[in-house]
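There are two complexes below, and they share chain A, which is joined by chain B in the first and by chain C in the second.
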Partner chain A sequence: MVGLKIDGRPVQAPEGTNVLKAAEQAGVSIPHFCYHPAFEAEGNCRMCLVEVEGLPKLELACSTVVREGMTVWTSTPRVLQARKDVLEFLLAEHPLDCPICDKAGECKLQEYYDRHGLFAGRFVEAKEKRDKKAAIGKGLLLDRERCILCTRCVRFLRKVTGTGELGVFERGVRTEIGIYDGVPVDNNYSGNLVDICPVGAITDADFRFKTRAWFLKKGPTVCPGCSRGCAIVVESVSGYPLGEGQRRIFRIKAGENPAVNGHWICDFGRSGRRDIDERRHVRVMKNANPEEELSWQKALADVTARIRAVPGPERAAKIAVVLNSRLTCEELVLAKRVFAESLGLGKIFFADPKPGVADGFLLTEERVPNARGVLQAGFSPRLPDLAMLAASVEVLLVFGLHLLDHFSEEAVFRALAGIPWKFLFSSHAGPLDRLADFVFPVALPAEKSGTYINVDGLRQTFGRAVEPPPGVVSEREILGCLANGLGLNMGEPDAC
Partner chain B sequence: MSEDDVRLIPADDSSWRFEAYLRRGGYEAARKAVTSMAPQDVIAEVRRAGLRGRGGAGFPAGLKWSFVPQCGTAPKYLCVNADEGEPGTFKDRAILVRNPHQLLEGMIIAAFGVGIRKAFIYVRGEYARIARRLEEALAEARERGFLGRGIFGSDFDLEVIVHVGAGAYICGEETALLESVEGRRGQPRFKPPFPAVVGLFRSPTVINNVETLANIPSIIGCGADWFTARGLPKDGGTRLFGVSGAVRRPGLYELPMGTPLRTIVETHAGGPPEGVAIKAVVPGGLSAPVLRPDELDVPMDFDSLAKAGSMLGTAGIVVIGDRTPIIEVLKVTARFYAHESCGQCTPCRIGTSWIHKTVTRIGEGQGRLSDLDLILRLAEGMKGRTLCPMGDAAALPIHALVSKFRDELEQAVSR
Partner chain C sequence: MFKGWLVLKELLRGAAITARHFFVNMTFHTLKLFGVRTKRRGAVTIQYPEERKELSPRHRSLHRVLSREDGKPRCVACMLCVTVCPSECLSVEAAEDDDPEVQKYAARFVVDLNRCCFCGFCVEACPVDAIRMDTGEIRLAAEARAGLELPLEKR
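Presenting the complex of A and B:
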């Protein structure tokens, strides 16, 4: 550890730390645009200049490494003037179109002007005219007038994805970011460019002009898209019901987790936004019709009754359950106790999305978040053979829609038609709705709290990132209620 | 100064050939260094000679060489900066055209001293024809075994590659030069690390100006004392002063370090033409803050000019006569830096452009008095705050023009 003083406060920082980070740890924030903790210091924005005692010039906090006994001042008149000057330079050629800019409210330029600027502009010349919506690939639009040339995007594509689609072109005030010879940005991590752009230069067509940043509630959780378990932040507005075409979830951004994903998430995980809003079940359905008045608790009483109707010794053969690996550890443990240990079922199966192709970075082959949790709960997951599943079964409980990932709709319908009682627990509408006597809407991972175990065996507990639709609960509550109804004491809170 | 002291630029054009150079005693110093001196003694001699970098910054050359780590297995490189882009400067060009073998000899000695086996000569794009002559000179030296393997029968090898740039001022900045040699966009690197430790292809690299290296043979050949006797103890040797503008005899003058600016302008270059008075003098290339006629007695060496608030820079002296409006000088200066800023860091990218736009407006008769203060403030906002020295190179001369000729500019604005 190295001892230094920042603004008069004694600070201890690990050797090799830069002044900017050391100050941050000590609660002193030094404004910066181009510096990003995932990259080496670049030093092009000149915003983080600080005074280091004994050195004649102002030094960059991002690149100056802490030394024993160093004394740093971050808000002397010279420093404040330098910050103002950099802001004035940047704002001189900036379009100041904050009222229509997606980044407004979370823009560093805006934030720093508010905190360190507050000068009257002296630039009276004509601003440079530049392309305001250059399509650079994957739905990303580049506004070259807003760009402050911090080159975070260029460095991300060179150093993180290694794809290098963006470069710096021209020079002087005409300098601009661009793609090479019309070859667009095309990789599974393009969304991060929007996250790391400190201003509104790179925006995402999926989010563009849809809402204002300050309306969004940010809920951290773990991405359920694959078994990596990246930290994500789900950004939503509250309020139901949604009108036609209205959104509740506006975007998913990368969360920070040094042990898993650093600062990045893949586009596949980011596109999970659609999954949360679109084609959702919000009501219990009976014989494929939404029931306005029927609560899930009441409907579940029917499930309980059907299970109870099967005599104990016959249950192993006559009741079947299909689970999935998107369930949390807590839900899986509960399912194990209810279905395997208490009811003694023999027909417990799993149906998951088919594996995809790993991208060599974060995205794994397994397109479920909790395959390790399934094993740890004591299950030996296997896909059902449809004929076997149907044979002599009287009550079938299916969690999730992924049977259809492995069997045709027709095959599923044909095989399961003869089962007298079929219950489906699913978040989204799908063809199986018509097959089930009751369909129970369930919460999505982002609407739950729980634990996933990732591909490396890391247990990650997360809280609820967004509120589920009213009347929609997680499988954990449903299983708890089922246990209660069956008279099994699971130590779970009584939800019924 | 006697004929013998003119070491850098021989008089006639055929002097560039290998045979002509040998007749002048060429390659004797290199032979001496390679066959009879220890590398560290070469560096020590150059340090003792007080040779300061002729590219503009005036960093002691021997000291620069001594920063290169002597141990380690990484290859080391020598880069010759022949990207002579500073306006008002034409000295390296003369060496390259008239005396390329003296540069090569200097390179051999430098490479031997530092332990380098591969060197690059980075020639600015505009010097494409000169680069071809350089290639010819290299071929001559190679043919005679003065370059390549086992030079002078020793086990010392040196390979030299001529690399032609694409014509950007910024590539004269040493780290931008490295980027350009590596095939990337020419823009300065963030320092530290310095090139002596992490330079070309991430290896220790010495970057020296053409004139700096052309001085090396006489230091090794005649000794450090001889060299300092032709200049100052801490700023040894002669300097190529390029004089242009409002003088009777514009040209290149090789004179001892410390020769007063007035002597160079009035005696050697013959002073201004009939009916013209000197209004201002740029002493060391466009980036050197301008001097007024009453400031011309300054000795032309690095320290004296720094004390006078300017710099010796490339020793390109531009004499501005009283028929030239300062606003025109300011326009040319502002346009140059706005055009040549690489655009990497904020203060230089926007500052040079903003000043250029403002000066252009003043030139079009739309100026306001407050514009002059604004220009000064913008220059102050750039000074010492940029990633490379170009911010200062642009801010200082502009600041000096506006502050030293404020009265004339105020009149220009009010008109």
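Presenting the complex of A and C:
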């Protein structure tokens, strides 16, 4: 550890740390554009200038390594003037089209101008005209007028993904970011370019012009896309100014978790946005008809009655449950206690999405977030045998739609048509809806709180990131209600 | 008996006030008729639907969204008006424009006059001077609530 003083405060920082990081630890934030904690310092934006005692010139906080006994001042008049001047140079060529820029509201240039700039423009010359809408691949749009050439995007593609699709071309005033000979950005981590761009130069076509950043409510949660369990932030709008049929979830951004994903998430996880908004069940369905009046509690009483109608000793053979590995640990434990321990069911199966291809970085083969949790809850996951289900089962409870990932629609329909009572608990509309007597709308991982155990055995508890649509509840509430209805005391709050 | 007297007293007082106003106004109107100049003038009733009082230039009336020279709305859908609106009466939907100099325009700009409190904050907030409240239109009524949700981008 190295001892230094930043703005008069004594700071202890590990050897080799730069001043910027050490200052952040001490609670002093130094403005910067090009520096990103995931990369080595580049020092091209010149925004993080600080005064180091004993040195004649201002130093870059991002590329100055801490030394024992160093004294750093981050807000002397000299430093403040230097910041102002750097901002003035950056803004000299910036189009100031904040009203139409998607970054407005979370733009570092805006933030720093407000905090450190506040000068009037002195340039009377016209600004350079550049390409405002260059498609660089995967729905990313590059606005070269807004770009401040911090090269974070270039460094990300070289150092993190190793694909290096972007480069810096030309020199002087004509310097620009671009792709090589029309080869577009094409990797599974391209969405991070939008996250790390400190200004609005790289924007996402999916988010483009849909809303403004300050309307968004940010909900941190864990990505349910694969078993890695990356930290994500779900950004949503609730209530006004949302209209009928409009988007609720506007984007998913990477959260920070050094133990799992660092600063990045993959595009597969990012595309989970559509999953939360589109084709959702919001009503209980009876015989494939959405019921406006029927509450899930009332419909669930029917499930309870069907289970009660089966005499105790026959339950093990006549009741079957299909679960999935997207359920949280809490839900799985509850399911174990209700179905296996209290009801004594033997036919508990799992239907999960088919494994995909791992990309070697974050995305894993397992496309479910909680396969470890299933094992830890004491289940041994196995697929149901359709013929066996058809032969003996009278009451079937299916959680999730993933039976169709393993069996053809036709086979499932043929096998399950003979089962008298079928109940489906699913978040999305699908072909199975027509088959079930009741379909219960359930919440998605982003809409509930719980715990997932990731591929490395890391236990991560998350809270609710978005409010579920009205009338939609989590499996935990449904299972708790089912347990209460069956007269089993599971200590769950009575939601019925 | 006593109560009845109170009512009668107040009735007579009211009649006296009305009579006073009538005679005072009458006096001033008569004086004017005979060409006598007085400091005060008799009160005049405006015959409202036929006659209109002139609105002050700062008066805030129905909103309008200004258009560019080529007829497209000037609004760039920055949503600052939506943000600043205290009664949450504006809803704006953006769309992509082919012109790279414009890029973003308001495909839908709806003001819900059921909610609007005519504070004029939207006009103040607009960075491109796209919305004004200077139409002079104050007769804003409809038979149903939906009739007061006006799509301004079409006007």
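As a working rule, the second predicted complex is superposed on the first by the 490 of 496 C-alpha atoms of A that agree within 3 Å, B and C clash if a C-alpha of one lies under 4 Å from a C-alpha of the other, contacts with A are read in each partner's own complex, and residues count from 1 in each chain.
The definition used in the following text is that a contact is a pair of C-beta atoms (placed from the backbone, for glycine too) under 8 Å apart; a residue touches a chain by one contact, two chains touch by 3 or more.
Please read all numbers here as calculations on a predicted model, not as lab measurements.
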First (chain B), second (chain C), both or neither touched by A:Asp85: first
Touched partner set for A:Ser63, first chain B, second chain C, both or neither: first
First (chain B), second (chain C), both or neither touched by A:Val28: neither
Partner chain(s) touched by A:Phe209 [first = chain B, second = chain C, both, neither]: second
Which superposed partner A:Ala134 touches (first chain B, second chain C, both, neither): neither
Partner chain in contact with A:Val50 - chain B first, chain C second, else both or neither: neither
First, second, both or neither for A:Arg171, with chain B first and chain C second: first
Touching partner for A:Glu93 - first (chain B), second (chain C), both, neither: first
Per-residue contact with chain A, leading partner among chain C and chain B: B
Touching both chain C and chain B, counted on chain A across the two superposed complexes: none
Residues of chain B defined as touching chain A within the complex: 168, 170, 185, 187, 190, 338-347, 349-354, 357-358, 361, 374, 380-381, 384-387
Chain A residues within the chain C interface of the complex: 97-100, 104, 132-133, 208-212, 214-215, 240-241, 243
In the complex, chain A residues that touch chain B: 41-47, 49, 57-58, 63, 82, 85-86, 88-90, 92-93, 122-123, 125-126, 148-149, 167-168, 170-175
Contact set on chain C toward chain A in their complex: 76-80, 82-83, 88, 90-92, 94-96, 100-101, 103-104, 127-128
